[in-house]
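Given below, in the form of structure tokens, are the structures.
Shared between the two complexes below is subunit A, which pairs with subunit B and subunit C, respectively.
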Partner chain A sequence: MRHQNATAYRFLAPYLLIFSVFWVWPIISSFLISFQATRTVPWRWAPTFNWGRLIGDPAFFNALKNTLLILVIQVPVMISLAIVMAVLLNSPLLKARGLYRFAFFAPVVVGEVAYSAVFRLMFNLNFGIINKLLNSVGLPSIDWFSNVTPAMALIMIAVTWRWAGYNAIILLAGLQSIPDDVYEAATLDRVSKVKQFFYITLPLLKPIIVFCAVLSIIGTMQLFTEPFLITERGGPGGGTETLGLLLYRQGFRSLNFGYASAVAYTMAGLAIAITLVQLWLTKEPK
Partner chain B sequence: MAAVTLSNVVKRFGVYEIIHGANIDIADGEFVVFVGPSGCGKSTLLRMVAGLEDISGGEIAIGGKVMNDVEAAERGIAMVFQSYALYPHMTVEQNLSFGLRMNGNPKADTERRVKRAAEILCIDELMQRRPKQLSGGQRQRVAIGRAIVREPQVFLFDEPLSNLDAELRVQMRVEISRLHKELGVTMIYVTHDQTEAMTLADRIVVLKAGNVEQIGAPLDLYDDPANRFVAGFIGSPKMNFLAAKVVEAGNGSATVELVNHASARLKKSLQTTPPAVGADVVLGVRPEHFFDAGQGDCDIAVKADVAEHLGSVSYVYADAGDTELIIEREASRQRASGDHLVVSIKAGKALLFDTKGARIR
Partner chain C sequence: MSSRSQARLGRSIALHLFLTPLALIWLFPLWMMVVFSTMPDNGIFSPGIELLPHDNFIDNFNNLQRDTNFVGAIGISVSVAVTYTFLSVLLTSMAGWALARYNFVGKGVVVAIILGTITLPYAVVLIPQFIMVARDFQLANTWVALIVPPLFNSLGVLFMRQAFSMMPSDLFDAARVEGVKEWRIFLFVALPLARPMLAALAIILFLASWNNYLWPLLINSQPGAMTAPVALGTLIGLTKVSWGGIMAGAVMLTVPMLVVFVLLQRHFIAGIAAGAIK
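Take a look at the complex of A and B:
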């Protein structure tokens, strides 16, 4: 048995080596870097330097506030929308289901730069289709890129557009795993379709909803592309700067790797904490 | 309680007709079993009664009221599904009371009905458990309990025992039979297991490929099947069929000679015009209707292949030249493979069929 294990580990060794060098070591290294002052040469050990700055940094709290705001508003809206889309996709009345499934999934495979460029055009103050549509129903144009609230809304709309279909496809798989005869039994129990949705579909879909929510929370904590490309590096005036963007700004523009590492660990810690709270809240009774 | 009437009921899926005009009258309080091989349309017929499948033609009436356009929920029926169809996220108590709670039934009445169902099915101890914490038999009881609390006019069972092991199946069969006596409600039960049909039913409806082959009391179907399909389907082990030829046709009788057993001739009394001399026919003999040599009207020699000894009886699988016969023997514990034996057939116990399978009476 010991010989067999040794053989197995020899086969695993190349993978474990690459995994250790490119995955485990950077995680440990960045943790250690977060305790160093990295804007001096050479870097020096200063355990409270970055973490102390973090606690008192208005830019960090601004990014944290923006990230949590997006998380609190966008994730529930997107998951709700994804559930509705999944239920519609699952309807036996729907024709050309494959086409819709592709259409809902397509935003995920569209290049980030391309989709960001299209969103910038669509929401342009002067010739964007969104403002044209608002004008056509008598509403004034909105300057989506110069005011904080519309800019945040734009980020949320873009992220929702990109990921709602993806979550809907995951939820659809969950919906399809609920046996038809459970609904038939409910129908014979004289339970209306609406009540079937709230008392059967949603509870049975809960594990998948939690899975989607956890994925979305992790994704939102790392949000970077949209505020970087659509609202031009977290504009206006840092109004849409997220933790991901702050990390980028500190690490790769200011070359302050110690502080960027501290931000990265804060993001990871928050994602884990929020996910654990969510898993605890939605825990199945034994 | 209510009678159920199916008149010329037809079911089509696209261009395919699955049920070809079924006519079945089920009396108030009767226990009727739909039986037939897989794909014969028995579950489809049940689901049409339930309202879970549309009716393509004909009429279904429950309690004298035509139900074709009545929603499943309004038909006054309750159904027990093959897969139990319990709500997995609810406790047993919640499963039983769910329908009543959702419809605003008074709490006290809901509790009374749930308590009564739990008592009838002896599931009082399980009320706070979830379906995944129950055994197959317990789940089936809960599924039946959910039907009981509805206090329906008609109970529908769709192969409810097929997921249980053999021992539990026998136990649940007895319980369902007892339940029917206790509640006195009309029950329609679908199964492919003819033993279940024989033991549970007041009357059996035998279906084949969407057609009703015969309706009758279990022993009537066993003793007097309308055709070769019913004769072969009802009874376990199944009836033996031997190829024969009419050699004499007289007034009210026909003499047939077994093919491959040239000297074996049997004179059968008939109520109808006998087939012409030379016509091919099929002789049906149940395993228990083979007698010791010389005790019947004709003897045939066979060679035993395999013997199954069940204790009280043995079943000998024997080669009879053109076909394999199953012969029931009461005292043949020593019978072994390769033995030659001679068995006898009595004309009064044999049935005659034409080559299309219709009974020649």
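Take a look at the complex of A and C:
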């Protein structure tokens, strides 16, 4: 037993070293920094300095509101779409499956900067292909970047395009682990395909759907690149400002590490709450 | 034709009628990326609808290279991604091996902590990481800064633990009876057996490093030290910039990954399905 301890920790050592230096210590450190005034030299303890400012800061509540709004709309839409993609890609009736898989899974390899640039051009007011197509069917142009509602919609469209296929891959793997005889038995009993979907597929897939939803929520909660690059620093006028962007501006533009850490721990609090909901949702019924 | 097979045919047609437009919508941004990258700027910003590629890619690329040293940035991105992938695969396999094959004091705690970090927002560690790397270690604008902090990867370790724990013990016990050392068993017996899983992990890690944006944006902000996505990102939003050039850069970042994706689709999908990246 003693021999195994030494061997095991020798294999774990480099990983645990990186983990301690770059994760464990930072987790503690940013908690402590959130209680310090960091724009004085040296930093000093001021327990209510950042947190007190946070609860009275309209910019924080604006970012929180936007982030939650994106979460509440974008995540359910994307997960539903991913379920539809996965179920249809799994259909034995589908021809040229490889082409469809490529179409939906390709965005997974596209970097945030590359696709942000493309979306900016596609949704350009006067010369973007989207408005040209809207006009060609008689609809008016939409000013995607100067009005808050279209700008938020654009961010959600972009994120959904990028991540729906990613979730569909995970869900498809889940679908393929459901044994065929479950469906065969249902078909013999003349249960319709639609009923099979709602009474067999969805319940069996529930743990994976919840897993995808939690990863998506935590990803979207930290949304940064899209409002940074597509709607240009959270524009128009803070209309697409997210918590991730607020953290960036406070931490790395204003170099206010204390306040930015308080924002970071607000996100962590949300993430913990969501994880607890997940554990409760996927708890095995007694 | 029986009514049964007629119903089947009907369902099949409905399926394709629904999925084909959706697939075309999904491919559209990628197609437009290619089209834009081949159009001159005055073509991109013109009132007509252009859906087919032109022949201006080389000029666009030259404009991009004028706006920022993109070739240099690609060089940094490739070197960093290759080094990162090698080191990260090694580290996560070693840790996964230890968790899969040995009993040791504190194992439960290590696993619990790794699981706990999966749902922890990266934002929580970002600021102290930056202070540490940039101020304490004075490593901003170096390769080390790009490679080392992201080496911690929780889902990769769980993936490799799973891979190693599914292997039969007899293989390793036989080697132990012969007196082979544990690290040799790991390197020469276990790793070769795990080759498909290692491939899946390596692809996912390479992609994560290649596309990583926020950390390189913060830590390597000097022009000569930027990765390719960061260099490209600095151009977006400038008033006097070649958008054809930006699109040429986007194509250079994206198309190689699409080719890899098509060639190694199985490994890719296995890696993502196992949740190897956040």
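The definition used in the following text is that the second predicted complex is superposed on the first by the 274 of 286 C-alpha atoms of A that agree within 3 Å, B and C clash if a C-alpha of one lies under 4 Å from a C-alpha of the other, contacts with A are read in each partner's own complex, and residues count from 1 in each chain.
Just so we're on the same page, a contact is a pair of C-beta atoms (placed from the backbone, for glycine too) under 8 Å apart; a residue touches a chain by one contact, two chains touch by 3 or more.
Please read all numbers here as calculations on a predicted model, not as lab measurements.
**Q** Could you let me know whether more residues of subunit A are touched by subunit B or by subunit C?
**A** Looking at subunit A, the partner in contact with more of its residues is C.
**Q** Please indicate which partner A:Ala173 is in contact with in the superposed arrangement: first for subunit B, second for subunit C, both, or neither.
**A** After superposition on chain A, A:Ala173 lies in contact with subunit C alone.
**Q** Going by the contact rule set out at the top, does A:Val182 touch subunit B (first), subunit C (second), both, or neither?
**A** first
**Q** Looking at the overlay, what does A:Ala46 touch: subunit B (first), subunit C (second), both, or neither?
**A** Touch status of A:Ala46: no partner.
**Q** Go through the superposed model and pick first if A:Tyr199 touches only subunit B, second if only subunit C, both, or neither.
**A** first
**Q** Just to be sure I read the superposition right, which of the two partners does A:Val191 touch: subunit B = first, subunit C = second, or both, or neither?
**A** first
**Q** On subunit A, which stretch or stretches are contacted by subunit B in one complex as well as by subunit C in the other?
**A** Common to the two interfaces on subunit A: nothing.
**Q** For the complex, which residues does subunit A have touching subunit C?
**A** Answer in residue numbers: 1, 4-5, 7-12, 14-16, 18-19, 21-23, 25-27, 29-30, 33, 85, 88, 91, 93-95, 99-122, 124, 126-127, 129, 132-133, 136, 161, 165-166, 169-170, 172-173, 193, 211, 214-215, 218-219, 221-222, 224-225, 229, 232, 243-244, 247-248, 251-252, 257, 260-261, 263-265, 267-268, 271-272, 274-275, 278.
**Q** Using the touch definition up top, name the residues of subunit C that touch subunit A in the complex.
**A** Its residues touching subunit A are 8, 11-12, 15-16, 18-19, 22-24, 26-27, 29-30, 32-33, 36, 44-47, 49, 51, 91-92, 94-95, 97-99, 102-105, 107, 110, 113, 117, 119-132, 148-149, 151-152, 157, 182-183, 186, 207, 210-211, 213-214, 218, 229-230, 232-233, 236-237, 243, 246-247, 249-251, 253-254, 257-258, 260-262, 265, 268-269, 272-273, 275, 278.
**Q** Can you list the subunit A residues touching subunit B in their complex?
**A** 179, 181-182, 184-192, 195, 199-200, 203-204, 206
**Q** Touching residues of subunit B toward subunit A in the complex: what are they?
**A** 50, 52, 72-74, 77-79, 81-83, 85-89, 98-99, 102-103, 146, 150
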